[in-house]
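Input: one structure, supplied below.
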Amino acid sequence: MSNLAGIPYYVLEFGDELVYFTPYTITLFLLALTFTIFVLVSRPERQVDIAFGGDAYTTKEITISEMRFRRFMAIACGLASMGAMVTGDIFNFTLFTAMVGITNVGIVAAVKSPHVQNAAFQYGLVALTATVPLFGGAAVYAAATGSLSMIELAKGTLPAVPFVAKAFLVLGVIGEGMAPFYAAKAEMFRAPGAPYVIMCSLSSLLIFLRVIEVVMLG
Amino acid sequence: MIIRRISHYLCNYENIVPLFAGACAFIVLIGILLLPIQYHNDQLYPKTIDRNSTLDPYDRGGPPFAQATIRAQYPENSPSAGLVTSYLTPFSQFLADTTPHLGTTIVAHPGGILDEILYNTRGLDTVVEPTILFIAFAIASYLYRKGS
Amino acid sequence: MMWGQYSYGLLVVLIAAAIAFIALAMETDDLHRFLLLDLIEIPSLAVIALLGTDLAEALVLPGLTVGIAEQLALSQIYCVKERISANPVHGLNIEVIAKADAPLIISIFLVVYGLILSGFTGGGVAGLGLVFFFMSRGYKEDLNLLEMASGISWAVWIFAFFVFMFLPQYWYVALMCAAVGIVLKVTVKMSLVGTMWGKGDE
Amino acid sequence: MIAELVLATVFGLLLLGIHRKVIARIQRRPGPPVWQEILHMLKFSFKSTWVPATASATLFIGVVLVAIGIWTAAFFVVFTGGSLLVVFAIYMLHKIVEHGFGLSSGSPYGKFGGVRSVISAASEIPLFVSVAAIAIFTRSFTLSDIVLYQQVHGPLLFIAFPAAIAMYLVILSKMPSGPFSIVESKELVSGYKTEHFGVWRAGLEVCNGLKTTVLFSTFILVFIGQVPILWMVVGMVLLVISLSFACALTPMLSPFDSVTVQTIVTGLMLCYGTFLYVGGVA
């Protein structure tokens, strides 16, 4: 089952690491790009808090420095997810994924609410744990097939990738983004700053969608 | 009801670390059961060490300043591969000439095989890696400064 | 299938990883979880090292850096979360060191040696010199300047990467840029850590 | 192609109208006329339009365009026989769009709707597993290949019945007032849609119509195969009626229970996929 997501339209060479676009990855890439542009140009919303059952409501204010920092993190997150979408190298993909994980933590860690911060810390622990299966999986890929290039893996001439390597990779990606088991990330999504928080959920979903394609190769 | 109990456990974010660690442990145990994994001998960047070279362990064949042979995935994409490997700083050259082994740690001088891989053939990895470092430092210093 | 050296190595590493993961799953204290993560990182590096080629060395490095960097960021989040604001480290409170010339000389030596070495280790050595200096003097440096230097060195690195990829005939320039970029970067980052600790002298 | 797109949207809205009508009749209410959803869309198009003062304006508007954009893309993928994987991706990304709708306004109701939408993202995994199960039979992810396979071997509905159930559940979780519709439950007013009015709401309705057509036609293409257009329409109407029964007769689950049920279904589907994979290899 090679060429699962279609024939690469375009291949860009970075030494041993190729960047390539297929109909599948280009869809994901464009979406990451669109939302990164949103993050660039839009201002955060002013979130209204309501005490349910009462008439009291307050608007949360975001300070300028916090907004700037989170915007920076969200842009970095968008770039990382774009990279993860188009890269044609397993290890490179894991690095971009790790970067998505750390930027996700960064986007919410700047929020002052202790509740959100505690959630960010717990999620950061998971993201850090996830680097183990992530890099471990990539290493087993290399050891068992002698290649890290997705294009070579898709050709089907290399030895089959062990199940463990694929499972590690998927587990690592799930840990970095929690996608699609977002229930654990719900506290983080309640943080104000819509464009940035959306980047959190978008990037983790994108890397999850990409890893599905990756594990089907080889 | 079992569903309610599961969802109560899931909705507390304090529990995600044990949950994820448990999943990792589970997959690792499956990995142990699925051993052995066949090591593929035809590897990229194979390790061959010339113990007699004064550049040991960084000698990867060929004299300094000549293009060494690097078995990369796509050699045609990096025509300068092998030049970085054999490059020595004057200081390193001096050490190599005067001491029996240039016993340095990894990448103590430009010109090691690692530089070759990190800068040249797999440069994108190396760009992403300091970027992660950069992001992590940015988070730490932002929080640090906000706190003080 | 055959049990080769690789499989035996992997068996040992996976057992270690399983023990570490189970420990993490059972731990309830946040700080202890955080410390256990450091332990868990080691098997992952071992899995990469089992690859046994030069590529393994090159892959260990990002793996290691990513782990350390994330731990740094997380530890800061932990401090904010737990409201740990008091700085328990007050520099090296040894009177002789604070006044004498020795830290300066040692630091200069380390920095110069690090610059000669260049590359990652060079950056580490030079950075260590600066850390030592800042810690012993309780030096209050403008963090913005250090961060700017770090950012510039990062940009130099990226520039070098593009030269390598698209203008390989100028590989020498790229090599120099990358080496200088990385030495500056590691130095700056480490000295940043030094100033963060050494501010309690007043 | 524009004509087809408009037709698909209107037909999708009509299906949603039928859905409402059937639920109402089951519950012994008169219910709105079946073209109510189309009227809604037209009505909102001509209403006054504004952006709330608390909203993040660019995102507030942009996300409507993204919603229409991704489903237009999905529509073309389905009708040119493209990769099922792309449809699946767009389907999952719709969660993010809902999240964007909810969060961008600043309203707490919208926010909770958006958050609920995202936390139930696991509900999409059964779709993926059913896609994978189908690929084990057909050896391909492209819709045209799947259709060809069914012309030779008969409908996949009988060959891969659990996969059909999984996809049915996924479509069910997207239908209004179903057991998994936690994003639109009434304690949140209208969930993520609460703050989008006027033209923005009309855009959302367009997206909903298009989404319904795309999902239903994908279901029929994948599990029954290429049928004449009239039978396709009949199939879609039958599908919506069966979904209405499911929605009308089941209570809505609480948010986390809904997520848990969907996760359990995911687990079961993964077992089925593994069973097929191992069985297929042996």
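As written, the chains take the letters A, B, C and D, and residue 1 is the first residue of each chain.
Assume a contact is a pair of C-beta atoms (placed from the backbone, for glycine too) under 8 Å apart; a residue touches a chain by one contact, two chains touch by 3 or more.
Everything quoted here is computed from the prediction, not taken from an experiment.
> Two chains share more C-beta contact pairs than any other pair here; which two are they?
Per chain pair, the contact count peaks at B-C.
> Taking each chain's centre as the mean of its C-alpha atoms, give the chain farthest from chain C.
For chain C, the chain whose C-alpha mean is farthest off is D.
> Whose C-alpha centre lies nearest the centre of all protein C-alpha atoms?
A
> Between chain B and chain C, what is the separation of their C-alpha centroids in Å?
Once rounded, the distance between the two centres reads 14 Å.
> How big is the gap, in whole Å, between where the Cα atoms of chain C centre and where those of chain D centre?
Taking the mean C-alpha position of each chain, the two centres sit 47 Å apart.
> Quick one: report the Å distance separating chain B from chain D, using the average Cα coordinate of each chain.
43
> List the centre-to-centre spacing of chain A and chain C in whole Å, with centres computed as mean CA coordinates.
Each chain reduced to its C-alpha mean, chain A and chain C end up 24 Å apart.
> Could you pull out the residues of chain D that touch at least 2 other chains?
In chain D, the residues touching two or more other chains are 256, 259, 263.
> At which residue positions does chain B touch at least two other chains?
Each of 10-11, 17, 19, 21, 24, 31, 37-39, 43-44, 78, 120, 122-125, 128-129, 131-132, 135-136, 139, 143, 146 in chain B touches at least two other chains.
> Listing for chain C: what residues touch at least two other chains?
6, 10, 17, 21, 24, 33, 51-52, 55, 59, 62, 66, 69-70, 73, 77, 80, 164-165
> Spell out all pairs of chains that touch, sorted by label.
Final set of chain pairs in contact is A-B, A-C, A-D, B-C, B-D.
> Which of the residues in chain D end up touching chain B in this complex?
254, 256-257, 259-261, 263-264
> Which residues, counting only chain B, touch chain C once they are in their complex?
By the definition above, chain B touches chain C via 17-19, 21-22, 24-25, 28-29, 31-32, 35-39, 43-47, 60, 78-80, 83-84, 87, 89, 91, 104-110, 112-115, 117-120, 122-137, 139-141, 143-148.
> Inside the complex, what are the residues of chain A that reach chain D?
Per the stated touch rule, the residues are 1, 4-6, 23-24, 27-28, 31, 34-35, 38, 41-50, 59, 179-183, 185-186, 189-190, 192, 194-195, 197-198, 201-202, 205-206, 208-209, 212-213.
> In the complex formed with chain B, which residues of chain A make contact?
13-18, 65, 69, 72-73, 76, 80, 83, 87, 89, 91-92, 95-96, 98-99, 102-103, 105-106, 109-110, 118-119, 122-123, 125-126, 129-130, 132-133, 140, 142-149, 152, 158-159, 162-164, 167-168, 171, 175, 178, 183-187
> Which residues of chain A touch chain C in the complex?
By the definition above, chain A touches chain C via 13-15, 91, 95, 98, 101-102, 105-106, 109, 114, 117-118, 120-121, 124-125, 127-129, 131-133, 135-136, 138-140, 142-143.
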